[in-house]
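Got some structures for you, see below.
Consider the two complexes below, in which chain A is the common component and chain B and chain C are the respective partners.
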Partner chain A sequence: MQILPCPYCGPRSDAEFHYVGDADKPRPSRDCSDEQWVQYLLMRRNARGAARELWVHRSGCGRWLVLVRDTVNHEVQAAEPMNR
Partner chain B sequence: MRFRHTPYSGWRLLREALADQQGWTPAWEDRDPSNKYDIVIIGGGGHGLATAYYLARSHGIENVAVLEKGWIGGGNTGRNTTIIRSNYFHPQSAALYDLSVSLYESLSKELNYNIMFSQRGMMEIAHDQPELEAMARAANAMRINGVDIEVIDREEALRREPLLDPSPRSRWPICGALLQRRAGTARHDAVAWGYARAAASRGVHIIQGCEVLGFRQDHRRVIAVQTNRGEVRAERFGLAVAGNSSVLAGLAGFELPLQSYTLQAMVSEPVKPCLNMVSLSTSTGSYISQSDKGELVMGGNLDRSPSYAQRGGFRITQSVIAPLLEMFPCFSTLKLMRQWGGTIDASPDNSPIIGPAPLDGLYLNCGWGTGGFKAIPAGGTMLAHLLATGRHHPLSEPFDYRRFARGELVDEGHAGVAH
Partner chain C sequence: MNSSLRRLVEGGEIDRSRKLEFSFDGLSLFGYEGDTIASALLAADIPVLARSFKYHRPRGLLGAHHEEPNVILDLQLGTRHDPNARATVEPLRDGMRLASIHAKGTARRDKLAIVDYFERFIPAGFYYKTFMWPNWHLYEPAIRRMTGLGRVDATRHMQSAPHHHLSVDLCIVGAGAAGLAAAQAGVRSGRSVLLVEQRTRLGGALLWHEATIADSHGARWAESVAESISAAGAKLLMRTTAVGLYDHNAVVLHERDGDAGRIWQIRARQIVLATGVIERPLLFGDNDLPGVMLADSSLEYLRRYAVLAGQRIVFATGNDTTYAAARAYAAVGASCIIVDSRRNSSAMEAARAAGLEVIVGERVERALGGQRIRGARLSSGMTLSADLLAVSGGWTPLIHLYCHARGRARWDPQRGALLPGEARPGLRVVGSANGARSLSEALAEGAEAGGGNAADAPACADLPFDWGGAPDTRMASRRYRVWVDLQHDVTAKDIALAVRENFRAVEHLKRYTTLGMASDQGRTSNVNGLALLAVHTGKSIADSGVTTFRPPFLPVPLAAITGARRGELQAPLRRLAIESVHREEGAELRGYGDTLRPAAYGPVADSMLRECTAARTGCVILDASTLGKIEVLGPDAPALLDFVFYTRMSTLLPGRLRYGLALTESGAIFDDGVVLRAAPERFVISCSSSHVTAMVAHLEAWREDRFDLARVYVHDTTPRWSTLAISGPDSQRVLAQLDPDIDLDDAAFPHMSARVGSIFGYDARIARVSFTGERCYEVSVAASHAEEIWRRTRAAGAIPLGVEALSALRCEKGFILVGVETDGETMPHDIGMGRARETRTDSYVGDRSLQTPAARGTGRRQLVGIAADGDTVLPVGAHALHRDAGRRRSIGWISSSHWGVGVGRPVALAMIEDGASRHGESLEFEHFGTLHRGTLVAPCFYDPSGARLHVRP
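Presenting the complex of A and B:
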């Protein structure tokens, strides 16, 4: 169990959050190739160590956020609102 | 120079018993890396070692090295719950996993190493009638795929595992089950060591404490790996590093559709034999079997956040154990003895990725997710075929990573169960 920071609600239980994918991933245009779409949809950085991840505070405020998190020791350095 | 080990037999056991056990030799030899091999396999777990063995045995390629950053079988091969089964939904998966079960059936004899494969059978338990009916549909698909599977009713399930709570008022009542008689458990360390010993005796170098730090490429072809023990060149490279596949792919300059998560396992204190089979609760994902040492071995769902920690959190530990105690109330007095975690590589369709990498000379065997142990003989066979011939084995063709761009997913997300 871990307390995760929500930029809107403050510290909350990790059970309220849901991991979505890599943060800062630009969505390709509608006429992109299959390869570009798969790159966006399925390919992951899956970093060992420092990662920027997109999460949603699903059972809380319902808003999306970016966690700057270490995937080895699970330390969270920062929580930011998702860029639009 | 080849390493010769002592063959194991009843006769040998007797001879050594009479000769003060002085004649045993090490099972395999820890080697230093040479600078050039025909084939280098990255990852000394079950899949990597099996690949090396099948390269030597089936393809006659013995100038092979297995590079392992820690010790062999110290990753997921030594951290899983040792269950072997092939009850998968799609024909492509059924063919692959059923090959694996078949290879496991003859593995002790083939490797001259007792992997303690016990085909005690496995029950996937349904807790209500709709779930049992959905299972019957899955069972029909599996039978068409040639997998031995049958639907059994509540009485048969309770007869096979008498410690199950028969009360219809239980939180997770027993309604019926899917039975695979050929499923079972094996000794995980023995699988790694058996393959290592058999591979080493055919000339394969097993190199521990050798971590790959980078790939040297020439016109998008991998020609060498840089390691903490120097550069190692080869004609072809195989990657069999499970949860660390994305890390190695990152070093080589490409991405994979994988996400690494922690999968926990845990054991109770040891007790006398009390469970006959492997039991899995499909609704909750929790499952239980008893090891030969007497511990109850339990596992279940993944931890929820991406992780390379190799240890899991208490919330999942609790969620694994709670439904099992509802199904087996008498285990509530047992103490939990150990709990640990491994890093698994989850793919988008819960099927493995086997085939050429986006770089020439590099071949992938990854994405087995929560079910890598049961697939070791098949994964090794497939990767060995790829490395030896440069082409797919017919059974690995559907699992090429290019299936994602083609939309030809082999989705085992719901029909097959995890683990």
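Presenting the complex of A and C:
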């Protein structure tokens, strides 16, 4: 029952959004090692506290965004477009 | 039955001119408008109203509202049925039929009452120990029948209302003195205010305690505040309980209005909890007998419903607050004796001066009686006769909602109560819930929380509130059975046992004994339980901590949570633009994904052969409107498609089509589809019907991740177009009759190309792409013209084709359906499309995953065809067996299976380990114990060379 601030639409109910994963995960190039690829593909930071998360406003504008959110108390510090 | 003995001739909130008839366990009774079920039953002087959960002990009323643990009844009124109606909360209505639950027979004569004699054999946790051998499930059905609460009638649905949503500046929970003061201040400071009250009237304890606020009687003051704040625009919700607090100041309310009631979802800038306190029972022998009641509840019955809960009353207490009840009962002529565990207090002196008998320094050791109490034995050995034992073991603030907001309760030894600890953002707890010691303190806290100054709080004649102290455990001796949790039948002995068996942590104690786990969530029992735990472990309550409070605060009917979301409102169906035409054609409609589509025209089993034959020999028309039509536009469109698709699309020539796969980053097939390059910088993706939304999101994700947003754009046009696929050897002739302005000659318009033009003057896009294996034209027109094109195509000789027949035709061709043949592990090379993996050197989604040892390894499930031995169609879902040294293992399964009309024998597709290199091998397939046999072959059964795409009759 959180209110998430979409950078395009303003504050909306979390039911409109879909959580994707950690933000700021650079995609490794094709010649990376299996280990590096697994880190990118499967491993999650699972941060306790401040986290940068990728969300998509699926039932709204359809755009992607980065939320700076606290995973403990669910406070949202900031929301940015994914592609700036 | 004469109920006038217990009812005063005047006073209370009831309307004596409106008599309500009802029945309980077959007895015909009556009450008055304004009664709750409980007050009417109390007035009718029926002692046994329920049987306890485990021991089937007789039980009566302990409380007067939500704190009541015992009296839950089966309620029928007209079409309404509530198997767990709470007697103290539910207003009485004329014609109610009530029955005790959980008793075999009636509450008075329960055939299972014998269970109580075996109590010593069934302490806490007995079933964990007793019913382990040979298997718990052997005993479970019988135990479930003997325990539990009301029985649900599966044939009935509770009526429920849609959820309501509301945003306010100030949401105040509880309309007692503090809550009303907060609402008044909130309205004065210009805020939007919502005031939530679970009783039928505003005022809280002012309704049954004597108080004077702003020079008027407390209850009268409450009414005037309600009037003035309503007039100023505040919203009042009565009979409504805040059941949970969630993130970002969301409050969920349950309004008991009608059958299942209504859920409100509130978003508030500021929440004020003015939820008050409830009284705790005292711990002594047989303290669960009918006739043991909370003292303050007995006063509520007297003042609000004019019901005498007893006529010879022993008040057992350790605080001053109880004296108000004793004096009120004495004033209406009941004989009252107060037993106070303390030696002296000012209230004691005042009561004696007023002529009340007070026994000091004594406690009740045991309640006496059977189906109702006869009296009480005191610690000195003295016996008092009584028909009501009104008890007060101190007070418990209702801070559940504060705890939902991750507040941590702190133990206050002076008050003997768990109070709110650190403040939570956007939340204030005020009044007695926050430990207020007087009415004036409560009013001041409320006014301040509402946005005013404490000094602006209404003036009142001060009324101190005496908290007493920590629970008195001295009478919780081992000699008697001392109930702690009445609803789940947990006794002091059970707690001692749990501690002996080392379940000492509060959360362990709770789960082992089920203390506080009943539907009342231990409202009256938690603190007494903690006090006993502290006695046995030697730790203080502050050190042992408390269990976690979770929503909902009260049981909420599932029907209320569902609200209007049933059937199509829960899972809305997408419908085709020309659904009415399909119905007219006799279609049997079924849901595919979220869309209602024609399965077949006529009964499916009869129609499939006819439709398949027409597709192979003549001409058919299929409504393929659900296929995606996602446009990707801009100078970077080719680069985006190259990145998102496994199959390169930038090399496609304008006007041409290409089949391609899109992968996930883990290399699995995400979707397949045909891409049209309509212009150099404009592509149209025709993806699988049910994957359109996901495909758009997938494209958008990568667009935003790595492309210049000004140079490529994704736009879904699927619902604007209807697509009618005209297919079969005769399809060119049929299309020619639709007056197209496009040259249909195969040289000018080859397979896997598309043309834009018009038919019957309507703009149309025609694509030559085939899912049936025959010559095919997919005609896309504006949805508003689809009906006309359908009718004219039918008139030109096309037969309608349903989804089921299409599925059989594509299976015969070895064409996959993503999600049917493939799963989250299937990679392109598993379905015979391994070339791009070896040849592409640029980056694309999923590229690296195709190069891992797992992707490169053997033992992967690969797409094959299965030729059945015999003429029987193999069952879908059958597992291929591998036998090795007597052990059987599944090495894959059949994913699609049909009668192949084109080849005249059964055809099936399967995913089999290393299947691509095992063509010619014969395998056993098992389905629910039946064995079948088939041979692995190439997936394409029909026309492997593709010659049929060009055939004309």
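Just so it is clear, the second predicted complex is superposed on the first by the 82 of 84 C-alpha atoms of A that agree within 3 Å, B and C clash if a C-alpha of one lies under 4 Å from a C-alpha of the other, contacts with A are read in each partner's own complex, and residues count from 1 in each chain.
Methods note: contacts are C-beta pairs under 8 Å (C-beta built on N, C-alpha and C of every residue); 3 or more make two chains touch, one makes a residue touch a chain.
On a predicted model such as this, the values are computed, not experimentally measured, just so you know.
J.: Quick check for you: in the superposed arrangement, does A:Gly62 touch first (chain B), second (chain C), both or neither?
T.: second
J.: Identify the partner contact of A:Met1: answer first if only chain B is touched, second if only chain C is, both if each is, neither if none is.
T.: both
J.: So, does A:Arg30 touch the first partner chain B, the second partner chain C, both, or neither?
T.: second
J.: With both complexes superposed on chain A, which partner does A:Ala15 reach: first (chain B), second (chain C), both or neither?
T.: first
J.: For A:Arg44, decide between first (touching chain B), second (touching chain C), both and neither.
T.: A:Arg44 contacts chain B only, not chain C.
J.: Considering only the touch criterion stated at the top, classify A:Asn83 as touching first (chain B), second (chain C), both, or neither.
T.: second
J.: Quick one: classify A:His74 as touching chain B (first), chain C (second), both or neither.
T.: In the superposition, A:His74 contacts both chain B and chain C.
J.: After superposition on the shared chain, which partner residues are touched by A:Glu53: those of chain B (first), chain C (second), both, or neither?
T.: It touches chain B, and chain C stays clear.
J.: Mind sorting out which residues of chain A both chain B and chain C touch, each in its own complex?
T.: Shared contact residues on chain A (touching chain B in one complex, chain C in the other): 1-2, 18, 34, 73-74.
J.: Could you list, by residue number, the parts of chain A that touch chain C in their complex?
T.: 1-3, 18, 20, 27-30, 32, 34, 37, 41, 56, 58, 62-64, 73-74, 81-83
J.: Help me check something: in the complex, which residues belonging to chain C touch chain A?
T.: 246-248, 250, 252, 265, 267, 406, 665-666, 696-697, 700-701, 703-707, 709, 843, 847-849, 851-853
J.: In their shared complex, at which residues does chain B touch chain A?
T.: Contacts found on chain B: 244, 246-247, 250, 255-260, 304-309, 313-315, 348, 404-407.
J.: Hey, which residues of chain A end up touching chain B in the complex?
T.: Going through chain A, the ones touching chain B are 1-2, 14-15, 18-19, 34-35, 38-39, 42-49, 51, 53, 69, 71-74.
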